[in-house]
């Protein structure tokens, strides 16, 4: 029980962080069809910006300024880079963002150095919020939950209550239709890309000190975000949300259950020994592959249901 | 306009390669150094390179060897064995007598194999492999080679150091290691020495985690707490260690963390003040050893680096490597790798802190003093500007970790 | 060999809540040139998609050459001897005209997925493709990427790919849509010649084409067949005039 | 004779490739440069790998993020086979080791392909990405087949050579790589002219139409994937012979990315594009990385410039000149090109200098290195070099704009002329 409750909380926190990253990518991928490899780089930039800003004027201004900076960079990338590349096809766009990710990583290394930077949780939030079964639940994690919940609410309101939101929604499910309706598609694209990048930046601001702010953070976070987006399904923010939480919980709970296929087989009276073929595979325990489960799930869902969990169209 | 631009760049390359191939002259003793210098693990190679450069300048100021100066030639291997092997080819092309590598036992294993084969096939152009940090025990046991010298304790020895340093009041420990060759051998060896040296200690949990895939370690911490463990023993490095300790500190877990690598560049920053008096690491050196034992000369040497680079000098132990090289070359009286290798094996040396060490003849494994440092406030030299630094919690002398080995060394004719 | 070429029994198709095809019965005997007409949105193209296997049917049965097509993939239906064209031109734009036609021929010539035949050396195959090229009057466009052809040429190529495999049932979806008068005329001549001795089922809006080509005409309105008869009878059918021709005239 | 006339370009390429290493031959010591040979062998292997990737991306329009899985698994298979041969369990000539890798790659191509080819387009890409992650994680976890972190190492000297070659020197291996590279390249070239190869093109262009001419696109994808696996595996087998070790990085995402980059930069679809791309990518990674700390930045900038200005890849740039060449007026472009050359060099020099200055002020200085140009040490702290670099870059861009105008006018005129003469349609 104790493990269950704590794991649930932690899974939620991680899931929400994933969602913050993935929501932006869902918008970008669904609308523009861009497999944005630089998305996690925006996450990293957000963290580094926040680190520098919080050194000078504090964490709270950073919470606003850093995502805005990321958004501006995103808008610039879209207007002067991606838009040009767009007509050369999706592979070109993908490679463009790939090159961008390389450049951002190097620039970050040259600006802030190769080592992790001491980006710390603000003192105001650096206390255990409550203690559950002897484990502290840091206030900062609650704050992360709060920020991401607020953000989810804001996106939802923005998409359902504003004119531009409705257009974006329409474009999410039928990307080719938006222009037919006479909307200024390039501007919407810029807006969506900037917003997506800003969201990733925000995730970086609150995730950078929860994890470690270092040049490799984009590299390690990149693939999992794609998994969440594809698993949730293109064109569906709800799917993305569910997928994020699911992935957070799965990774958390996989650690808890120390079982392997061999244990399962043993239930049916089949004992795996060293001589059994594939013994190595059968005796791998769940915690060992916990972090790989998302990839496994993505492969399986795509093979059998290519539109993902709640996608409106095939991936 | 593009084709011309690409072409000129290409031409530039070919010229540069050609120049690189011929312009070397054998005025210095060149040591090829290959480690990741770009990509996600660049910090490892970068930190090493800096510190080695400082040490080499120091050794050269003291006369180098045979009147020649040492020169370090870096090659980026991007953590890939194939690139390390390309670096080896460059080194042998240029008749460098040494290749050095610190990070990654997979690369080390590849290098040992390749150096063996190269030296067999090209008796006139041999090379010695100096291992400054790849610690899989196999490298000086099953895989041991005459051309390979390891200047760091291997995982089994470090495990013994760790177990020896475990306080008496700790009776329940939890093991977390990365799921690959190194992590698995740490797991095996720590358990091995626990049963040998501390039968009273109970292993309440033992896990492998996929390398570099876990973003949030909180669930592990929950599990560890539930198991009632007092200490966490881990061979994790990089983000897998940083995030693990961070998660533990955040959750306010009453744990001590015994690590292999918390002292390496980036570790202290990531752990932060929350790790005060909780995080320990087995290490060949820390900057507070010299003031603690009152060795002013060693302290001055270490302080020099700090003043120059505004950065910690956590790997000053590399100095031992170059002193061994210096001694072996002078003893051999030649730059012939075979002679140097013969001169080096069995060599004993008092390191700059004043402790004894030996390059064991039968497996080319160094046996040297090792420390267990604890990360705490109030030490003379702090780490990475965190205000906390490494104080010595235990010192294990070379003679106490002289483990047996299973190496059957094949020696070439002189 | 008495089975009709195409036989539809109570075929229904729904997309979500909307039923597009509402219980169509249609029998097309071998060798007949048959046209389907009807107002926009009547479900003509959907019917084509059901017969050719592009969409699965919701209920009912479809048989091609006497074989039920239930559960068959488009390529399997094609191998039963049914070939179709598309309303929106569907060719292989980055391949040459010649390659397009040869691709249409490959399966029927028994090459399957071979990766050991060199196409350059397959004399019979290449001759057949050349002959087809001449027949379509695309000889001087032989090595041009198909995507660069003019619209009318692309439509001709589309028909060429459709008939290349030698299928005895040919489905043409608005083959003359968007063509000028003279282009239409040559297209009709082409269709007439390629469908010689075969079963032809076509959707067409141009009534002169329909009445010039078809042996029989089926009128589809809102997913239901309201008449299926010889051209002359259709012309005189009151229900048709009201539901379809009448609205056109008005 | 006619065969010679048709294939002379291949023979010429072979001759050049055989002669090239002698440029770096060390006559004083009487040996080849191991570095150059290894680099060229690497290019040979990666060229096979890139061509096999082109079978998916260029020919069948399948964007894979996990192609290295087939390469690596082929390499592991070959390594195990070599060890069995060495142990005397089976007999196989050294020359045929790549074939063992190829069969391994083909086997895994079929097995994994059965899963991944169920989908196409983005779903296919994502499945291959997931699979790549899973296999590279498995490579670290399972010792039996993958040998864990240490990988599987072999000794290529096994005295089973058909030609009586010992394969002790990199030169001998290089010749073997060259032979296999030519065989594999020729086979892949021929494959494009088979029914499967053409239908793969057809499914790329319009998979639905392919269905309606009787082909099952899934089957086409599967077979194409399997064959591509074979050739990737051949590359893997050669990799094993070159490095005598195979480790988990052969199945990694980075390796897959290399194939994608090589194919795209060189130009997808065609045959020489991927080869050209491979040369650039390998030289960047193994060559520039030795010269500059900031090589990844250059790689990134190169990609961005390529996708923005040359979507057809390097080969596309070259082929753009074809119509002008056909009307025999290529020579007239020489002067405009020469006029733009200094501008390009200026931009290049200014940009490289800025990057290097930045890199040396931060990372380089920390490593105790000094930026030296032609022997003169440059103080990265003073404003002068920065101004010079920025000035060169700015001037270069202005000059380029000016030169580009003249160039474009000339170019347009020539193309217009070519069009009139009917060599372009």
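Labels for the chains are A, B, C and D, by order of writing; each one numbers its residues from 1.
Assume contacts are C-beta pairs under 8 Å (C-beta built on N, C-alpha and C of every residue); 3 or more make two chains touch, one makes a residue touch a chain.
The structure displayed is predicted, hence computed values, not measured ones.
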item: Steps in the shortest chain-to-chain touch route ending at chain B and beginning at chain A; value: 1
item: Identity of the chain that, by mean CA position, is farthest from chain C; value: B
item: Of B-D and C-D, pair with higher C-beta contact tally; value: B-D
item: Cα-centroid distance, chain C relative to chain D, in whole angstrom; value: 44
item: Averaged-CA centre spacing for the pair chain D and chain B, given as whole angstrom; value: 34
item: Averaged-CA centre spacing for the pair chain D and chain A, given as whole angstrom; value: 31
item: Length of the line joining the C-alpha centres of chain B and chain C, rounded to whole Å; value: 72
item: For chain A, residues that touch 2 or more chains besides their own; value: 109, 114, 288-289, 292
item: Junction residues of chain D - those touching two or more other chains; value: 137, 141, 296, 306, 363, 366
item: Chain C: positions in contact with at least two other chains; value: none
item: Chain-chain contacts as defined at top; value: A-B, A-D, B-D, C-D
item: Residues of chain C touching chain D in the complex; value: 52, 54, 73-75, 78-79, 83-84, 86, 90-95, 99, 102-104, 106-108, 111-120, 144, 148, 161-162, 164-165
item: Parts of chain D lying in touch with chain B, wherever the complex brings them together; value: 23-24, 26, 29, 31, 33-39, 42, 137, 140-141, 148-151, 153, 155, 157, 168-170, 239, 243-245, 247-250, 254, 280, 283, 285-291, 293, 295-296, 305-306, 309-310, 314, 317-318, 337, 340-341, 344-345, 348, 363, 366-369, 400, 404, 407
item: Partner chain D, residues of chain A touching it in the complex; value: 33, 35, 81, 84-85, 88-96, 98-103, 105-107, 109-111, 113-114, 223, 226-227, 230, 234, 280-281, 284, 288-289, 292, 295-296, 298-299, 302-303, 306, 314-315
item: Complex contact set, residues of chain B against chain A; value: 39-43, 46-47, 179, 207-210, 212-216, 218-223, 225-226, 239, 242-243, 246, 250-253, 265-266, 269-270, 272, 384-386
item: Contact footprint of chain B on chain A as seen in their complex; value: 2-3, 6-7, 10-11, 13-14, 109, 114-118, 120, 128, 131, 134-138, 140-141, 211-212, 214-216, 219-221, 224, 248, 251-253, 255-256, 287-292
